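Look at the two complexes coming up: chain A is in both, with chain B in one and chain C in the other.
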Partner chain A sequence: MSASANSATAWAEQFHAFERNGAAGAPQWLANLRRSAFGAFERAGFPTARRGNEPWKYTNVRPIAESVFTIAEPNAEASVDLAPYELPCPRVHRLTFVDGRYAAHLSTEPASEAELRSGALWRGGDGPVVGRLADAVEYRVPLAQERLGSLASAEDDAFTALNTAFLRDGAFVHVPAGAVVPEPIHLLFIATGRSAAATHPRALISADADSSATVLMSFESLDGGAYFTNAVTEAIVGPGANLRLCALQRESAGAFHIASTRIRQARGSRVSSVVVDLGGRLSRREISAALEEPGAEVSLCGLYYGDGERHMDNRAFVDHAAPEATSSEIYKGVLDGASRGVFCGGALARPGAQKTVARQTNKTLLLSPGAEADSQPKLEIFADDVSCTHGSAVGQPDADALFYLKSRGIGADAALALLARGFMSEVIAAIEDGAVRQRVEDAVAARLGGGA
Partner chain B sequence: MLEVRGLRAEVNGVEILKGVDLSVGAGETHAIMGPNGSGKSTLAFALAGRPGYEVTGGEALFDGEDLLALPPEERARKGLFLSFQHPVEIPGVRMDRFLRAGYNETRKSKGEAELDPLQFDRLIRGKAKSFRMDPALIKRSVNEGFSGGEKKRNEALQMAALEPRLRILDEIDSGLDVDALREIAEGVAEMSGPDTATILVTHYERILAYLEPTHVHVLMDGRVARSGGRELAREVEERGYDRLTAGAGV
Partner chain C sequence: MTTATNRAVRELAEQSYQYGWTTDVEEESVPPGLNEDIVRWISARKGEPEWLLEWRLRAFRHFMTLLDDARLPAWANVSHPPVDFQAIRYYAAPKAAAELSSLDEVDSEILRTYEKLGIPLEEQKRLSGVAVDAIFDSVSVMTTAKETLAKYGVIFSSVSAAVQEHPDLVRKYLGSVVPYSDNFYAALNAAVFSDGSFVYIPPGVRCPLELSTYFRINAQESGQFERTLIIADKGAYASYLEGCSAPMRDENQLHAAVVELVALDDAEIKYATIQNWYPGDENGKGGIYNFVTKRGKCAGARSRISWTQVETGSAITWKYPSVILQGDGSTGEFYSVALTKGRQQADTGTKMTHIGKNTSSRIISKGISAGRGNNTYRGLVKVLPNAENAVNYTQCDSLLIGDQCGAHTVPYIEAQNRSASVEHEASTTRVSEDQIFYCQQRGLTREAAQSVIVNGFVREVVKRLPLEFSVEADRLLEVNLEGTVG
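The block that comes next holds the complex of A and B.
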């Protein structure tokens, strides 16, 4: 039996065990969602770089397909010091998950059972609802049933299918109409790092009309095993709402990180997303926004830093389904060692999507001759009155700048780190929330060096 | 402090310095004058260790140590400072972070304690004030969008922070109006003492009114054609480089 067939059998056994145990007692709609998702996974299998399979041309997931991962069991012994992950601000709504399981003692405002039972909690009012997806399902919150799986379909790819099949817990964020949330909402996913453990975190974010919020999802690890994080996020953004999303990925050097984020935007809404990949052995991050009504605006930014043999793949896609919508994609990569960075930026302007403005930029700084960058722009235009641009550039550190830094006593490594951070600063500056921006800056500084 | 003997250097395979001799002692200010293309800036870059300025012969000793064997950052940490004629713009790298890195690495190399961001901020603000430099520039990207005058003030600010002993000032007078020139020159003079030495690379004599040289050298075609005192600079100004060296046996 081949390694991947072996793995497929293991996934099937696990799924059936999960249905009997962890998933038992779920409402019928969720049981159905899971079952059909697992069916989709079994039909499609893990993607391969076979001819014509363009989205997976540069990223080989065979190490995942051929491994046997098991759903991470809660690690009771794991002691977690939150300090390194906390946001530098006095108030935050934080939900923490350790190996995919909710950790009440590491979360702010854990709700009591009575509160969970009362409908008032789930309605929110002036503030946001930041709760467990498992609770939202258990207490029959209508939004959960209505919206879970509405954007991320198991038919999209094997990873979304697996995430849905093994959907157990995650974050349920609801920002009611008109609510303006000044403090960041922090969804913290910590992996204890045991090898061969898999987690499938899920987040469902609803930002209703004219609301405003910042959500940071951070992925941290305590140890360096070859574990697997497979995250899916759905964000439904109502008319006039303003949602700022940030993802900070600092998985261990042996980890696999696959993440998919799907966004749907209504009239006049605004979404800003900044994704930051600093860890993992292999990471693949897909983000797509559907601008379904006029006047929607989305900015998708990303930065990635690779060293050693890391492989980092980022994909950003915007579907302009309505006129007068604006999108921009700015992704910047710094690649050292023998790392490889892939970016695919896409925009589709559907028929009738007049006055579309779509911009894409991908820039890579190569710090070593062994590093490799691949950049693929993809524009599909079916409207005639549009403004679409794309550009990509790969370059090396500026020799004059390097000498200038060294002439002030800065060593070669620190000088390169400073230049690399300078190169990334444009993306970091796109993070509007000060505390989230500071957290990302600190993480980048810790990873690249060059001083605080 | 600095002994340069028979220094030869090439840029892109073309020999620019053809055997430069220069001896600079503590407390001295040496003006290096010369026409365009005579090798003034090449000398400055070769001493600071800029890649592409390949030394092909001769030696340069800094406090008796082989300067040319050191990478540029170590030359800087030992107290050599080059004020650039054209300071480099570095987008995204904040001034204070950049300068703090250089400052702390220099301190570390001497076994001194590093300053944290708050301590350094206090230090640099004080220095900026004395150079009449807008403190907002300290939070901006290095030289990005700075005016010509701001860039030169910034070089002086960096010098003030790093407190080097051997200062090589490459055309600090270019692109400055008279007032700015005077302020910067006065600032440099204030930082001078019996333990520091200055090499002033300049095309014109006017800067020498503010920074009185103890020695003047005229560089022609990659060699020191003439050396003298302050009066040599006046002679240059009056007679021009061509007539100055006619009959000097160059």
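The block that comes next holds the complex of A and C.
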């Protein structure tokens, strides 16, 4: 039997065990959602880069397909020093998950049993609801049933299907209409790093009309095993709402990180997303925004740093389904060692999406002879009154700039790191929340070295 | 959208095809269908040597495997009903149209055909500085100016004639750039190719005339599968242009050509295409399926290959003139204007493969979509690990005229060497109201303003055409854009 067939059997056995144990007692709608998702996974199987499978042309997931991963069995009382992961601000709404399971003692939102039971909490009142997805399901919050899986379909790809099949816990964020949340909402996913462990974190974010919030999702690890994180996020953004998303990925050097984020935007809403990939052996991050009503605006930014043999695949796609919407994609990569960075951008202007403005930029800095950059900025335009551009550039650091820094007494390595950070600063500057931006800046500085 | 533009678009969509008549000439053809006997028959009809027949048969078997496994290329952004490869006539030729020595022997109907198309086959027109190879369905009917060229040692003939007269050259280079196993249609072409042009420029010779081939599909149910091979030896220079047209018919006809260019050290080849196959009617009925493989190899150091294309015809265009930059310091260029209107679909672009050191490539693509046309730019710039100091600049712009059309850009960049500098820029817009307003202020009508702006949009590409042909390209774009450009 082939390695991937082995792994397929292992997934099936795990799913049946999960249905009997971990998932038992779930409401019927969730049991059905899981079951049909697993069916979709079994039908599709893991994607391969065989001819004609464009989305997977550059990323080979065989190491994932051929391994046997088991659902991480977390230690609920795990003692973790949060200091390195905390946001530098006095107030934060934090939910912490260790190996995919909610850790109450590491979270700031330990809602009491009474609060959970009272419908008032889930309605949000003036403030946001930042809670466990498992609680939202258990206490029959209508929004959870209505919106879970509404954007990320198990039919999309095998990874979303697996995440949905093993859906157990995650974050449920609801910002009620008109609520403005000044402090960041921090969803912290910590992997203890045991090899062959799989987690399937899920986040459901609803930002209702005219609300405003910042959500940071950070992925951290305590140890360097070959574990597998498979995250799915759905964000539903109401009319006039303003949602700022940031993802900071610092998985261990042996880890696999697959993440998919789907956003749906209503009239006049605004979403800004910044993704930062600094870790993992193989990472693939897909983000897509559907601008379904006029006046929606989205900015998708990303930066990725690779060294060693790291492989990073970033994909950003905007669907202009309504007129007068604006989108921009700015992705920047710095590639060292024998790393490989892939970017695939896309903007679709559907028939009738007049006055669409869509911009795409991908720039990659190659620092070493073994690094490889693949870039694919795509445009599909079916409306004439549009302004759509894309640009892509691959090159090495400017020799004059390096010389200038060296002539000022800065060593070659430090000079390169300085230039690389300067190159990335455009993306980091797109993070609006000061504390989140500081956290990302520190993480990038720590990764690249070259002084603060 | 303004009423003026509305009217312009309607006129554009209704613009008729001017080359859609047929020539009444007695044709020799094979029955429709594809099998080993047809391949053998074509080869025998041309009196080909054994090695060529063997090559055709290998290609045929490869093609049948692909066909049986249903491995048809499906990645292009075009849609059409499946092509029935058994319904095509793989050979059709005017009777008694073997290689002719003088114009008097050419069938007068055919001569009139080329006259009507404005192609100079007659003696006095040879003074225009152009040598023409005229291809009618499956065979070359006439090659002009052979004597003048012979003085310089330039070989310009049909591929069929070259197989007889220069077998060593043909054998050395045929399939060396586009092997029969390259892709689905290249395999079909290798199996059944009928004719095409052959050019060899000896070392150090700058070809004194512009070389040109005019392709005409005439016969019904037939497909045209020509194969062109151009070799520029060390330090040689050639400029080549092809043009094409076909009658208006309700059924789709297949044109699956292969063009191979080889440039040795310091050689330069400029290859220009003005493609005006019948595009089908405004409802998308009929028209040519233009599935073409074109590739040049800069085999030698400091060699240059440049592709220029003006694509206005065909129901479907599927074409990626590419350059393999193997020689150190070699240069590849691709300049393209693709216009789709009615229900035309074009998926075209280029592939620049940087292999040698200090290679450079430049891509300028201008797509114009009107009516219900769909235009896709698809390109790959690949820098291999040993291609030190590779430089690429790509610009692809799309212009949309009307709200029923589509313009798509699918570029791929794969850089495996850090010294590479790869830049890609693209934009998609319509003719801007500001520009029109500016022109109108200066006293131009709205239509004239559009004309000026569209001409400016394509200028960078059209100016690359050899002087003798830029007039034709201008005329063609004007005819095709009439109504839009006033």
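What we mean here is this: the second predicted complex is superposed on the first by the 449 of 452 C-alpha atoms of A that agree within 3 Å, B and C clash if a C-alpha of one lies under 4 Å from a C-alpha of the other, contacts with A are read in each partner's own complex, and residues count from 1 in each chain.
Throughout what follows, a residue touches a chain if its C-beta (ideal position, glycine included) is under 8 Å from a C-beta of that chain, and two chains touch if they have at least 3 such contacts.
Quick caveat: nothing in here was measured; it's all calculated off a predicted structure.
In the superposition on chain A, A:S368 makes contact with chain C only, not with chain B.
In the superposition on chain A, contact of A:F403 is made with chain B only, not with chain C. Contact with chain C, but none with chain B, is seen for A:D384 once the two complexes are overlaid on the shared chain. Once the two complexes are laid over each other on the shared chain, residue contacts for A:Q376 go to chain C alone; chain B is not touched. In the superposed model, C is the one of chain B and chain C that contacts more residues of chain A. Judged by the touch definition given at the top, the superposed model places A:F423 against chain B, while chain C stays out of reach. When the shared chain is aligned, chain C comes close enough to touch A:V394, but chain B does not.
Chain A makes touch with chain C in their complex at residues 52, 54, 351-352, 354, 364, 366-369, 371-396. The part of chain A that touches chain B in the complex is made up of residues 398-401, 403-412, 414-415, 418-419, 421-426, 450-452.
The touching residues of chain C, when paired with chain A in their complex, are 1, 74-75, 385, 398, 400-430. Residues 48-52, 71-73, 75-77, 81-82, 84, 87-88, 90-93, 97-106, 109, 117, 141-142, 158, 162 of chain B are the ones that touch chain A when the two sit in their complex.
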